[in-house]
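In what follows, chain A forms one complex with chain B and a second complex with chain C.
Up next, the complex of A and B:
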């Protein structure tokens, strides 16, 4: 349990900043919808479509993706440069357990952030005389969680591979950008799942696709654990 | 001091330079592939002229976003980071003032920023010749200037945040959120006329015009009053970072 507490202490600032930003922006999208609507789209759209374009597909999803990616960073390599890796490694637990605790904590935080706009939008909409279906919002919450977990694992793996200060963060962003560009290439939809399309609901999001994303995330975390267990600190 | 500042930031600088170079080179060299029907790009990018395509993909598109996002990491550093790594004591023991330590980092970062902003201006016009197209150098340099001054504000903000916040990744997260906030506030209808949105300024959003022959999409002349304000703002943020560092207890 203390390992989870340690992982929480290390990531809580990033998580709370993400929480604050997503909460604030979700409220702005709902309460100031008349003003924000002109920023989100140039065409006249209904409330449900506006929420999709602004939150579940557009600007807010971009914020969620970047925050989630940065939440994956940290770990023993960072601790090494701070001189605390030896203390952590001296704990009577395996490196696999350290990785698992950090991974599970990050995934829970990712899920909480994903369900934040999904619960705020239907809850706040009646205050401005609009309505947004709970079932639809929770569906996006689930899709964001699954996609967010995969993006989190990109940052997670980068933090294990790239040692230099901020190198992991830059590498994670470049990898994510490269992946995004690759998935947009013609014919790639047959070979690679576009997690962005899955998250915004425009791509395939059947059980098989979601299971494949979760499996990829699990393999990525396992790879990070394997690399960590072999490293010499 | 110069070598120290360069050594600390060169990894980030090369990573950003490599990414930007790859983006610009692939945009020009793979133009016919990118503009084919199956690609998920806007109709204007696909069917417009070469200058319109470059503008939509590089100067107003993905490359600008990547540049803004990665430049944040160039600004991170300072003595606060060294404290976390237990090397601040060594740096402070050097027979130079804190102002020189920080000042050197700022100057090196600014030079790196200028080089990064010039990458598209060097690559796009020169590589365009290989694909039997042309992209005017003055237009490319115009955007380099905008990217440099826009990037300077992002660099200064992340530098100040890295001095103020102790956590390693707290500064980039706050800086990114501030950039998002600026996008929203700047695009808000009552404030839109003042063009406070940094990304709009860097991409000449809605100010590009066609020439008389409708063959070249060109920007308006550089707005020097606006650039002066941007430089002043960046200087203000960097001065605050210097002042805070001077008063910090390591």
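Up next, the complex of A and C:
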């Protein structure tokens, strides 16, 4: 249990900054919807569509993606640069358990961040005389969680492969950018799942697709564990 | 029969083309203080990391408290009874002293809270202070507290006195020297030969990844001799081609020979070459160390 506590202490600053950003921006999108609406779309759209374009498909989703990617960074290689890797490795726990604790903690944080806008939008909308269906918002929360977990694992794997705090962050961003560019190529939708489209509901989001995303995330975490278990520190 | 807490057999570690440890055969006796000496890059830290499962050996094997260091499950079992204090003395900077104690205690069923509490008072460590706000000396004391409160069978320290002030060094050495009486074997690497000489029962010297010396301090004092000789002409090196000769230093017609088995054989051979024996003296650990790593026979 204390490994989860350690993982939380190590990630809490990034998590709380993400939480602050997503909370603040969600509130801005709801309370200042008349002003923000012109930035989000040039056309006259209803409140539900505006929220979709601004939050669940738009800028806030991009913020969430970057935050989850950064949440994945850390681990033993980062500890090595701080000089604490030896403390951790001398504990009577396997490296797989260290990886599991950090992975599970990060995934829970990713889910919490995903459900933040999904719960704030329907909760705050009545204050401005609008309404947003809870069922729809929670559906987006679920899709964000699943997509977010995959993106989290990209950062997670990068931080195991690339030594150095900045190298891992840059590598993770490059991988994400490369993936996004690839999925945007014409015809690629038949070959690669675009997790961004899954998150905003415009892509396939049936049970098989979501299971495939989670399976990919699990394999990525397992790969990170395998690399870690064989590494010299 | 001696009981060993650490045993290595032909242990090797290679980083690319660099042989950090090459064929290390070493044994550390239980309930003693063993100093682990060597030059920078001799392989001390790599050896310790291999023993603790942080680095995987390229070849060879080893046992820590009777458990294989190459089997992750056995190594993990061994780590339950081993405490380690690293060279840079870095601990989790974001935790407070109290948080770090609670965190560490959760991994050790034999954790002795009363020992932790008493050491907290003795070391005057502030419970609520973040680790990042502690001095290096205080971090060392905290690391020692975390190590001792778990009742370890073996305490491994990598350069424990590095960066500490004289008072902190004194306190640390006093603590370490008393541990074998409580059933904790101490194995520590150091560059400070005087400290090793002061508290160690035994010393292992590693040179270029191999064990060059494994002796008790008593054996060094009783058996090792430095013999200073003067020759009528250029002294012949081959004259002292004996297994007990540790080092030979020649300066003109004068020669200093360090022998591990008294002076008799050396003196006898020297006299056969018309040499005059100028001095026979016991050697200290510094001389043995320098003789071993500077002029490896």
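Note that in this section the second predicted complex is superposed on the first by the 232 of 233 C-alpha atoms of A that agree within 3 Å, B and C clash if a C-alpha of one lies under 4 Å from a C-alpha of the other, contacts with A are read in each partner's own complex, and residues count from 1 in each chain.
FYI, a contact is a pair of C-beta atoms (placed from the backbone, for glycine too) under 8 Å apart; a residue touches a chain by one contact, two chains touch by 3 or more.
The structure presented is a predicted model; accordingly, all values stated were derived computationally and were not measured.
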Touched partner set for A:184, first chain B, second chain C, both or neither: first
Chain B versus chain C as contact partner of A:73, first or second or both or neither: first
Chain B versus chain C as contact partner of A:36, first or second or both or neither: first
Partner chain in contact with A:14 - chain B first, chain C second, else both or neither: first
First, second, both or neither for A:175, with chain B first and chain C second: neither
Touched partner set for A:166, first chain B, second chain C, both or neither: first
Which superposed partner A:232 touches (first chain B, second chain C, both, neither): second
Chain B versus chain C as contact partner of A:2, first or second or both or neither: second
Comparing the two partners chain B and chain C, which touches a greater set of residues in chain A: B
Which of chain B and chain C A:93 touches, first, second, both or neither: second
Overlap of the chain B and chain C footprints on chain A, listed as residue numbers: 82-83
Interfacial residue positions of chain A with respect to chain B in the complex: 13-14, 17-18, 21, 25, 28, 35-36, 38-39, 59, 62-63, 66-67, 70, 73-74, 78, 81-83, 164-167, 169-171, 173-174, 177, 181, 184-187
Chain A partner contacts - residues on chain B that touch it in the complex: 8, 11-12, 15-16, 19, 36, 38-41, 62, 66, 69-70, 73, 76, 81, 84-86, 167-170, 172-174, 176-177, 180, 183-184, 187-189
Contacting residues of chain A [partner chain C, same complex]: 1-2, 5-6, 9-10, 82-87, 89-94, 229-230, 232-233
Residue numbers on chain C that touch chain A, as the complex places them: 49, 52-56, 72, 76-77, 79-80, 82-84, 86, 88, 90-95, 99, 102-104, 106-108
